[in-house]
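Shared between the two complexes below is chain A, which has chain B as its partner in the first and chain C in the second.
Showing the complex of A and B:
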């Protein structure tokens, strides 16, 4: 019994020792991240955003959906921090609850477009030749569109709703990840350890998904972080044009659009949801900019 | 390029025809009698099998025929010809603004690296890409038009300004060509806000690349040589470093053009700009499918063309790229 634990501990020590360079690298990254001010500010903003989204039901003072005609178009006050809209709904509550919708969109779009792109990219990069040619040509076709325009067309054809917004943005966004994962997979499949695994008798799908794919993940994850701001902006743009999330759901872009006809006298209806969008996107962009700095090999060492 | 354009047409066709939207329903309203719906479908060729529709559509494209808009009842090509110049004009102004702003901010950032100038210019440019253009547009309209009254509101011209005779379709250019200075001045005042909003949104990437590439160049030997020769900092930066640092920025202008086309959709909607972006949005809202297909296809074509031009200029600018 005792000898087993010792053996285990020894194995653990061995495990850690073998991964020392990786851990060192992570520590260095963490250090750089801490010393990159923009990345820090960005992280703080995003953490605030996520916390607000999680605790939204506790924070909101009013019902964000049902209208209250006796409290229409009130300016910001202590009762209604951001004022009320044309249906008497508290804008502060709507912005807070809206954070959940935005977070949900970011999460699902990242999952779908990141997953789809990585899958296709790894398949293309691993098999090469004919498969690669087909997948990459399809990627080129999607890249020929400015992404918002294509997402708009998809969203309009599918009909405006939250689910369709997510589908439209994902279908447009996977190409970046496909290219990244492909480049990475092409590099990795030439490594000797892949050859070793094949010599042991592993099949294509096993090598692809258990040995190549995990190695492609980190650039994809970084790219995902960089794209998150764009995801919100696209979703908000679709909402603003009336092609995205439909009212009464408090999506920030459609809230800005709600206030358009009241802009002159009731500026607060459009202003606060817009600030919320800018704030969160700013967080992601700060983080993204910081990450680019950290990834820059000239800055490392 | 040809293959990509073919694929682009397939995607556009797929979006509009395979996905369950009901253009006839949108056109006639929900309660139209079934005979009328059938008749309409027949008239539009929507009762044919999907591959036949696709054949008709591709044949049309090859003949430069994008179909007839359901809303304006005119050929889509004619609509595009009418609306695109306004978008192009807006895009050109925005590119000028974003490149000027981005390059200046980028140089400042690089030269005063890690000082407050650097921080300020980075935060300023990231702020531009973070604010949604439709919101920035509304807020600036509120401030400069409704509150301060310094700039005119929506549209390309004021109500009482006589527009110039249409030659190129670009209002400012036409005003110059016809010598209509009143229209030129008015048009210029109208384009400032939308172009500023759009240009500012594209500044960040240009500033970022300028900064990185400037830092890269400043570290090179020939810069040290230039400094050692006793040239002043200004000469080194503007004559020696900047020229080399701007090469990657040129590539970015093509990409920027894409994001501008994207932003134009939103900006045009806000500023009531009679361009292609607004045309597509209006088409999307009523499912005017020939207009959607034509407009989207045209934008994709312009986007690809811009990237192609950039690739070509790149070779001209950087002799090292020529093989």
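Showing the complex of A and C:
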């Protein structure tokens, strides 16, 4: 009877006590975050970017797709904040809606290239020997090409569309994560606790996915944040070269490309989407650098 | 009545649980761009011994003599180069990986370092239940009930089951390691330097716990250590290894009173006596270092450091012979040793 009451009373205290180090750790992380100025700036930019993408349909004043020939090539004004393009479409609306496309590309590319790269990297690092040799030589083959050239080749072969842009960028990008995850997996598989888990009878796949993989995730996530700027740049580059998203969709890179021939007289067509790209890439780079610094054990404590 | 039980126990004890025969483990030394094998480190070189049911077999030797490799090879955590390990008559080393999985629960291990042998991201209950999950034993609820039971048995409060490894002390962590092995209901536990990383006071607690568990669960231990006093405390018989070879096997009382191998004698004389007033005259200081296992000396591996070495020692390797009942030794001059021990 006595032990039961102690157990009950102890439960809440135990709960708080147990989580105290975790809470303290988060507080410390938040403190570091606040004191790293660039990380804060990056976070603000990215949060604004994501909010704009979410609320895009509410914000836009005009239809970003349908053309209005009577209002073509107008300079920035209160009616058209960023001006209009050669088809009379409101550039402000197009930039706003374009953020959704960019976000969608970032999300899918991160998921596909991060997932594929981590999976192959963990498999290579865990099994080692010839499995490792095969996977890493394939990775080397991909790394031997300049990434934009390879992405262009894939996009050109598959044909220009949103889906194919995503596939092309993912196929080029997974190698970084594969190398990172492999190095981490090789380090972790030598830990005594992995041997201990094998001794109690766990199989390879169980050890690999439940014990090695989770330990590989944090460096991969940091790298992923750092790579998001590159993903946007690649997507915009493909769009600019006409190998990316198809014209009516307002992808920022292709918008810059659209205004190319009007650049001298109607500068606003290319400039505003360009500024949007620059800001978001900068935001992701600041955020990535900040996260890397905050995770750095030498900086912590 | 008591005598009968004693007799029964000794009969049970004489049953052989694990027999290791001609076990070898060579690690390749690779060099150059193409990773050519340029030599072999003979970590374990042709050793044979057996463990009786219910006994504790101590395995001692200095660092790098192949103790841990022996333990790992028996459990097939690393694949041996040659030899056999018979467990209840089944050769474990010839089993396929899948069949070996069935035997894994029966042969468990407790590791040296309680800090690195527990997954830092898992809760205590999940670490202990890992073996059950791998073998698909019981439902989630049943597993955690078992975890509670075994945590209690090894002296941990089941209230701590949700904690992470870093929230425990070294001794508590080692108890988690013991519970993890014990929950699978093993017959043989390899204790690989299980107490070496702990404080002396905690060592005693863990040793007593291991002793109690042995009685309650009918366990057999292969106790690997370098600390002779610990081995003396817990073992029934002791195997002494030097540079990948077994030099002597004997009952612990016999070994401490009547060591028949010069190396064993030197090892025993190096064991500190915790009493500053005792002046020791019989200390034997060995000359030189342990030779490299990649290039061991010819003949008896101990001869370059042995004070009794004669020409024959560098030419002929002494076999491990049973020179007295249950006392095996690999030395050409064991008879002289008996005289010395007087």
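General observations
Everything that follows uses one rule, which is that the second predicted complex is superposed on the first by the 263 of 301 C-alpha atoms of A that agree within 3 Å, B and C clash if a C-alpha of one lies under 4 Å from a C-alpha of the other, contacts with A are read in each partner's own complex, and residues count from 1 in each chain.
The rule is short, and it goes like this: a contact is a pair of C-beta atoms (placed from the backbone, for glycine too) under 8 Å apart; a residue touches a chain by one contact, two chains touch by 3 or more.
Not measured: the values here are computed from a predicted model.
In the overlay built on the shared chain, the residue A:192 is in contact with chain C alone; chain B does not reach it.
Within the superposed three-chain model, A:167 lies out of touch with both chain B and chain C [touch as defined at top].
By the touch criterion defined above, A:214 reaches chain C but does not reach chain B. Shared-chain residue A:145: touches chain B; no touch with chain C. By the touch criterion defined above, A:201 reaches chain C but does not reach chain B. Residue overlap on chain A between its contacts with chain B in one complex and with chain C in the other: absent. Listing the residues of chain C that touch chain A in their complex gives 75, 77, 101, 104-105, 108-109, 111-113, 116-121, 130-131, 133-135, 159, 162-163, 167, 177, 180-181, 184.
The part of chain A that touches chain C in the complex is made up of residues 7, 10, 14, 18, 21, 191-193, 195-203, 206, 211, 214-215.
On chain B, the positions that touch chain A within their shared complex are 3-5, 7-8, 10-12, 15-16, 19-21, 119, 122-123, 126-127, 129-136, 138-139, 141-142, 146, 204, 208, 212, 216, 258-259, 261-263, 265-266, 269, 280-281, 284-285, 287, 292, 296, 299-300, 303-304. Those residues of chain A that touch chain B in the shared complex are 37-38, 137-138, 140-142, 144-150, 152-154, 156-159, 229, 233, 236-237, 240-243, 253, 256-257, 260, 263-264, 267, 270-271, 273-274, 277-278, 281-282, 285-286, 289, 292, 296, 298.
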